[in-house]
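Here the structure comes first, spelled out in structure tokens, and everything after it is commentary.
The first chain written gets the first letter, and so on, giving A, B, C, D, E and F; residue counts start at 1 in each chain.
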Amino acid sequence: MSGLTHLDDAGAAHMVNVGEKTVTQRSARARCSVRMQPATLAKLRESGIAKGDVLSVARIAGIQGAKRCSELIPLCHPLMLESVEVELSLNDALPGVVVEAECRLSAKTGVEMEALTAVTVAALTIYDMCKAVDKSLVITETFLLSKRGGRSGDWHHPLAGEASS
Amino acid sequence: MSGLTHLDDAGAAHMVNVGEKTVTQRSARARCSVRMQPATLAKLRESGIAKGDVLSVARIAGIQGAKRCSELIPLCHPLMLESVEVELSLNDALPGVVVEAECRLSAKTGVEMEALTAVTVAALTIYDMCKAVDKSLVITETFLLSKRGGRSGDWHHPLAGEASS
Amino acid sequence: MSGLTHLDDAGAAHMVNVGEKTVTQRSARARCSVRMQPATLAKLRESGIAKGDVLSVARIAGIQGAKRCSELIPLCHPLMLESVEVELSLNDALPGVVVEAECRLSAKTGVEMEALTAVTVAALTIYDMCKAVDKSLVITETFLLSKRGGRSGDWHHPLAGEASS
Amino acid sequence: MSGLTHLDDAGAAHMVNVGEKTVTQRSARARCSVRMQPATLAKLRESGIAKGDVLSVARIAGIQGAKRCSELIPLCHPLMLESVEVELSLNDALPGVVVEAECRLSAKTGVEMEALTAVTVAALTIYDMCKAVDKSLVITETFLLSKRGGRSGDWHHPLAGEASS
Amino acid sequence: MSGLTHLDDAGAAHMVNVGEKTVTQRSARARCSVRMQPATLAKLRESGIAKGDVLSVARIAGIQGAKRCSELIPLCHPLMLESVEVELSLNDALPGVVVEAECRLSAKTGVEMEALTAVTVAALTIYDMCKAVDKSLVITETFLLSKRGGRSGDWHHPLAGEASS
Amino acid sequence: MSGLTHLDDAGAAHMVNVGEKTVTQRSARARCSVRMQPATLAKLRESGIAKGDVLSVARIAGIQGAKRCSELIPLCHPLMLESVEVELSLNDALPGVVVEAECRLSAKTGVEMEALTAVTVAALTIYDMCKAVDKSLVITETFLLSKRGGRSGDWHHPLAGEASS
């Protein structure tokens, strides 16, 4: 109808049939940022130095979130992720934490939503751990940095110029 | 240690003991936005007019996401949500969709993370349905608009001036 | 709008606010039946005699299904079930299996959907175990037998005359 | 023992080994009906006209239920569904709502239980939304309409004569 | 029948009715150990020193496992945990890792299974991370150290003499 | 760094990339034991004789636990299990219950953790059902008996000499 692939001609939602698509090697990389007070970032940095779990908790939450993507996003296909990496970097310019995640697998459909779910859940976890000391927190600019594989091939987001890795 | 309540003195993560806290009536309201091409917003609007499910899918995903918050965010307490509302508004100025969610319950701990999870999952669902027609999508500015109840009382985010409802 | 409580004035779905409702002792009892070939019922009976797990699997599936009701039914409130019983009886007149479940708790909202989910999941589990030998299976007449507690008080379904227990 | 494939010779339940089965293209279609008062059906129709979410909620619940089939039915294999469609039609003759679902994938085992779970969860969701205005609701005649693929090939239920699509 | 509380007189499993029990403050503490080669323990210690996530992953897995106890153990009641702590200590005498967990809440039923699930899932997570370098791993002696609250009052396991904390 | 494959060079946890690994037929077999008072074992035996569900509950819990392994163990890959068997034997010498599980599939990664999760969840379920009559229960010696397939080929645990089947 409107070109939105998840709706049929009558506007009803469905999980689109990917049965005819080709299995290819696919990957996707997403990013988001958690902006906070400089003092909050200092606390995170101090915790990290002292071997605290603070970044580990967010990293693991992101990995587990990626695996549950199809339970959270109603029209996503279940997928057998072959690799998930979540990277967290403390960033003084923001100030805050930049979260990036990369998911990979061989499948008939892509892993963009899995990568986006990973960074989002990791960011919410950072928010949860910092909210008692900083209510000003904002999760900013969640987006797909790049994707590889599938019919549409490789793609990079225009905002991804400053992307790491 | 660093004032981060989810870490003990050695920096180890734990689910903090809320046993001594008082049961009070609590609520929290969060917001995020999905920025898209004007043409994508037009497609969403057209689908809505034609009774398509597109906004319903996102609304329901947000409600179900709120209920699963403690499974996603490792140090969140399980809670018995008494009310969840997710509101989606098409916004030409953005252009895109503004998502707001409000959660309520009587409990020993607050529902900020539930409200934030609701808007985030709803936004990811919109992203999923629009990504085939618009790769430029960005989820912007996810934050807590306000909270009520609990020891720290009522609070509004400085960015919440333009908040609806 | 239309009197459907899960929709607001604009027709948008929400998880209704039960915050103002009173905590009372509540229970609900549901029933459904799985109709099958007489030969299939005979196999089930024979398995039971031989200490097979066949009815146990269905009973446990029903109990676990009741606990996950709010994950499956989007607008159901999470609840802390205090009791779940699932009863299976082999019935020659049907012929087939009659499934009944009773759920109980003290809460602000009822457990009708939990009891209905329990019998439904138990019936689907019986279907799964019998489908290789009998494709004619039909799950018939799933309904609420009775409920107790809450503002509307006690109630029995008109069809419940022949109810067991 | 008794020919029930999910039980071993001693009657113990197991998840049967499908390792030796062939990957083929498979699909299954199931149906169930929710019978209600004519006035309740009228309310659903009115909500639909007014763009309410009522049918969308049930459709999405059904799709998500299909994806969770192996969590609910203890001896079902986890599967990677490639397509799920849930169709709801308001039916004056019933009176009520007819729910049909079709699931598809390439796999070593069939998707009958996934299609049955989809229609069942969708029907329970309709029940949940209507129960405040109509306690007489009954979910009737849940069964498999047809299946394709696998060793046993194509099959249609004798009751499926009146099947749509 | 046999005094096993989860079975009724006919031997059928049910989730026992705790509706009549009193809400009291309850806690439970469990322990298990992962025995490994001295060289494997040395690798874990080295990773910890280098700020690796290895113990954090296990700690968080244990906390999240505790929250999912009633999904895993069929006859456990859903509970609203108010506190979960998981402690891991590297132990040269074992040699290996000792895992202890403590859960707390106010409820009608105890949290023994939640504490046992926490240590078990944490131990399995350690196993998973070490299995590529050490196949001799054994999880030994999983048991309840102590419990407080409820009708039966305080209790300590006879083996708990050497308990840490 | 330390040879622990789940940590990258900086010690950060990730779900390792198995994309380059070969799909082979894999299986794994694990065992654990629940040690109890002789009188408790006698009650279990009596319940079994009377067709009680007690061993069925544990067997089904183990099967369902295997399917959820990747949700519980943070760095485990999601897998499509093709076969799960859980065997329980009452053992007078222990005295108690010996639990063994075998998982099988064709995949790029092994099923050791799935088999270990199955025996562990089954053992916890036995613990749960016996704890009201016997607080001395200990789950002893959880370990991998054997594995087949994959790059490292077949392997048997040194402790597996006395293994059944």
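The rule is short, and it goes like this: a contact is a pair of C-beta atoms (placed from the backbone, for glycine too) under 8 Å apart; a residue touches a chain by one contact, two chains touch by 3 or more.
All figures in this text were calculated on a predicted structure; none of them were measured in a lab.
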item: Chain A to chain E, fewest steps along touching chains; value: 1
item: Fewest touching-chain hops separating chain B from chain D; value: 1
item: Joint neighbours of chain C and chain B, given as chain labels; value: D, E
item: Chain of greatest Cα-centre distance to chain D; value: E
item: Listed chain pair A-B, B-D or B-C that repeats interface A-E [over half of contact pairs the same by residue number]; value: B-D
item: For chain C paired with chain E, centre-to-centre distance based on mean C-alpha positions, whole Å; value: 32
item: Inter-chain centre distance, chain C versus chain D - centres from mean C-alpha coordinates, in Å; value: 16
item: Sequence positions of chain F contacting 2 or more other chains; value: 12-13, 51, 53, 56-57, 59-61, 64, 68, 71, 74-75, 79-80
item: Interchain pairs in contact, sorted by label; value: A-B, A-D, A-E, A-F, B-C, B-D, B-E, C-D, C-E, C-F, D-F, E-F
item: Chain E residues within the chain B interface of the complex; value: 25, 56, 59-60, 63-64, 67-68, 79-87, 104-106
item: In the complex, chain E residues that touch chain A; value: 48, 51, 53, 56-57, 59-61, 64
item: In the complex, chain E residues that touch chain F; value: 1-7, 11-13, 32, 43-44, 46-47, 50-54, 56-57, 60-61, 64-65, 68, 71-76, 112-113, 116-117, 120-121, 123-125, 127-133, 135-144, 155, 157-159
item: Complex interface listing, chain F residues touching chain A; value: 8, 12-19, 70-71, 74-75, 77-80, 108
